[in-house]
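The structures considered in this document are given below.
Shared between the two complexes below is subunit A, which pairs with subunit B and subunit C, respectively.
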Partner chain A sequence: MGVDRRQFLKLAGISAAFGLGGSVGFQLLRPGALDAAERMPTPYQMVFPKSQGNSEVMPNPKALKGRRWGMVIDMRKLTVEKARAAIQACNYYHNVPTIPGKQNIKWIWLTGYTNAFPEVENPFADPAIKNARFIAMCNHCDNPPCVRVCPTKATFQREDGIVMMDMHRCIGCRFCMAGCPYGSRSFNFRDPRPFIKKEYPKYPTRTKGVVEKCTFCSERLAVGKLPACAEASGGAMVFGDVDDAGSELRQLLRSRYSIRRKPNLGTHPQVYYLV
Partner chain B sequence: MKLYNGPQIIVGLVIFLAIFTYPLWSGAGKAAPVPKPQPVPKSVATQCVADTAYMRTSHMTLLNYWRDEVVRDGDRLYVSASGKTFNMSLSNTCFECHTSKVKFCDQCHNYLAISPFCWDCHLTPKEKK
Partner chain C sequence: MLEKALSGSKLYWTWLICLLVVIGAGFGAYLVQYNKGLMITGMSRDVSWGFYIAQFTFLVGVAASAVMLVLPYYLHHYKTFGRITILGEFLAIASVIMCILFITVDLGKPTRILNVMLHPTPNSILFWDMIVLNGYLIINLVAGWVTLEAERKQLPPPGWIKPIIYLSIPWAVSIHTVTAFLYAGLPGRGYWLTAIMAPRFLASAFAAGPAVLILLGYLVKKLTRFDPGKEAFETLAKIVCYAIILHIFFFFLEVFTVGYSDIPSHTAHLKYLYFGLHGHNMLVPWVWVALGCGFTAIILLVNPRTRKNLKILPYACVLVFICTWIDKGMGMIAGGFVPNPLHEVTEYAPTGLELMITFGVYATGILVLTILYKVALGVKAEEEAL
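So, the complex of A and B:
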């Protein structure tokens, strides 16, 4: 059976009219039936069906609140013993492994004056400063280069200034390690668990292939405790709100001269050393 | 058409098919035992963070939501639909009642042949022998 030109044009016309009019027809007969976008459940509804609808999340009321967290390290008070105690406390509470060689993981560590402050190198500086052992850790910069380079937003800056890691999102590309001018980040080249002397059960370990660093003890701040290093340092490390002019931290900064690591890079580090 | 080395080929084919289909016929008619996650004794807790049906199907969604809230926003408390407040933590809250990963989590995960990588980082209580 053949189709002549006349029949073909008629069919094509009817099909076109139906195709064009289809959605209009739906809107007339069943308004709203095609509005898929509006009918999609919100993420919140997807997580919580009706039975969980009236649940909610909130911060712990005991949590310490600050607009901009920072740390002051008093080099007159900081002895090597106090520093070691602080490092030990940090390593224990965060399951930081000790791996021999170049693959070690560092959250907080001891370093020399010229290593910590390369641009203020001075051969005739006060030996008490020049030969001191400085505590180095993540500076929780106001302008963190690690956050800028992270391709997955695994590292990000919280509203209170803490530069945080979301281990669930880290893909181990190590851009942040290249970005950080302080060497504050360590990569897990291998499973760290066999290298943890004593596991602290309340804090997770890390897994192979993620980068980690100091978090200013965000998990302790959330329950109203000071960072582990500040607590263990016997007053040599003072944690507080940089934005609060009345805080102990700001009073210390007013009372003595302080330096920061590599301020010329424009990262605005928030760890201050009283010298 | 002539089949060269016919007997050897046919015997070989039969042996191959028998081995290849072994997983199909060896388990025929037998169902894997239904998983029995260890229930929490009534003396420990009477209600979970959500009802059982929801937890059974969607605990992973809830845990992902908890993770985002805790890590990203620092909100660490969860007020459940029944009004009880929980600390949003896998290792510290879930395992307070479900004290054994082997007897609880692994039961269904093994049955469904899924291996979530939560445990690569999050510590679980030591299993009691």
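So, the complex of A and C:
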């Protein structure tokens, strides 16, 4: 289970070595690449500024580097089959158990339009959108309430924006589940191991009593691979650097209209849906 | 002073043994939970807090209400409360202990509870809640014990205790305010996202706490020679009366804002609680009973003839208790989680084991309360015998 913090430190090391500490340095290197409005600290962030990374650990040379990771889901390309493949890949590579009933565990799943976007209610919307199945996953919010409420820093945000879990520190208070406005988190109500269909030996299994969720495949990024769901989605899910104006992801966001889940809550979700 | 708890009537010992049996059963149930995980509860991915956190929230209120005795006595020199202030302080101690136990049994990894202190996180309200609750426990232990000790020695309490007692007043308000902030600051939970949460909590606390105290006063009067006095009951009854009216008033403020603005993410929760949502209506009878009890209590307490009637007063207090307990416990917690952020409905009901653990925690609190009251009343009996 030791993925998280150690790999987090590695990646943090990269970004600290690369940037001159924070977005100001980055602005100097690549002017205009950052969206100024998004980077303005909120009143909450003024009181509790984001912590800067730790530069002690040597980076893995193959690791993917990003200033701010994000995901684009192209609803024109996303068929239910592709989505299922993505979900299956995630479940397999992360030993996500299949637990029947309401105490289940989900990192990525399919849901309806009104469930994913309850506030954009429109009875006469294009049926292709209205009846589509949307992928729901952790949004790796730029201003994540789950991190804000966690009493132990077991949920924390990396320099590159990924919201991570330290399964060894989590006390299982489930405050983060109350805090997340997207239902992205699951609690291990029981020992999950008997419910793992086929164990993937390279990823840690979890114990009862801790919370877990999508990690944007931090363990894969660290060795130069794309997230499992993006890889399995047949091009319907594009992972990339939101802060890199030249990235494929930004290209897509420029070319098509995209929506995010509950943007009115100020969490700045980093999963974008092209509709 | 503690030796006073070691001698008592047959009834006293039978009572303690009964409590120990319930505690034992609760502990046994907790061992099952400890081994199997929280799967033995009715909680779910959608309703991730349940009965434990509900009791915790309710009891923080009971604990905070000690201030309703301390404040009139120490700030306004209202002598009538002098004799019973200690009962309020000791009730606060027992309640805070139950609060801490309820938080502990709710944790998925209770053995890691110290992580909250090892990795202090000031941006988490739970961190502050831990500080104010433990602080309140210590303040009341010190204040209660020192004043009682002085009373036994027939001396005025030492001077240094005064500032601590004064500190307990804002501190009592803080524990319930911070507890309200646990809920009221979450962006995606419409039912909780309201600035009136803290005042509402305080109002219901100042109704429930003194109501419990009145009931305890009746018990004490019946079982020992100590009589809190008619005037003390009457004043407490007035406090309960104002507080329960405020509680219902605040509830209507909430209903107005939510109902008139008619924003779905806020109305959905009230609809679920009071009328049911998409055919799910498990809590509907409960919340209406709570409202009914609240109104009946108001009628009984506003009318001076029924309020001053010491035969009717305990019934009014029981009604207040039921009203606030349902409203703050089940209604508050489950109501906030249903529907979930994706507007799906998953209902919640506690399981048998969950209830057993809950009773075990309550029995522990009552045991602490019994022992503390035994000591306090022993000292008072001694003093009156002189």
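Remarks
The working rule: the second predicted complex is superposed on the first by the 218 of 275 C-alpha atoms of A that agree within 3 Å, B and C clash if a C-alpha of one lies under 4 Å from a C-alpha of the other, contacts with A are read in each partner's own complex, and residues count from 1 in each chain.
One rule holds for everything that comes next: contacts are C-beta pairs under 8 Å (C-beta built on N, C-alpha and C of every residue); 3 or more make two chains touch, one makes a residue touch a chain.
Only a predicted model underlies this, so the values are computations on that prediction, with no experimental measurement involved.
Shared-chain residue A:P263: touches no atom of subunit B or subunit C. Look at A:G234: by the touch rule set out above, it reaches neither subunit B nor subunit C. Judged by the touch definition given at the top, the superposed model places A:M164 against subunit B, while subunit C stays out of reach. Of the two partners, subunit B and subunit C, it is C that touches more residues of subunit A.
Within the superposed three-chain model, A:P118 lies in touch with subunit C and out of touch with subunit B [touch as defined at top]. Counting contacts as defined above, subunit A residues 47, 191, 208 meet subunit B in one complex and subunit C in the other. For subunit A in complex with subunit B, the touching residues are 46-47, 49, 51-60, 63, 95, 156, 158, 164, 166-168, 191, 199, 201-208, 218, 222-223.
The residues of subunit B lying in touch with subunit A in their complex are 50-51, 53-54, 58, 61-62, 65-67, 69, 71-81, 87-88, 91-92, 117, 120-123, 125. Listed in rising order, the residues of subunit A touching subunit C in the complex are 47-48, 101-106, 111, 114-116, 118-119, 121, 136, 145, 148-154, 169-175, 177-183, 186-191, 208-211, 262, 265-267.
Looking at the complex, you find that subunit C touches subunit A at residues 36-39, 41, 43-46, 48-49, 103, 106-110, 112-113, 115-116, 118-119, 121-127, 130, 182-183, 185-189, 264-265, 336-337, 340-344, 346.
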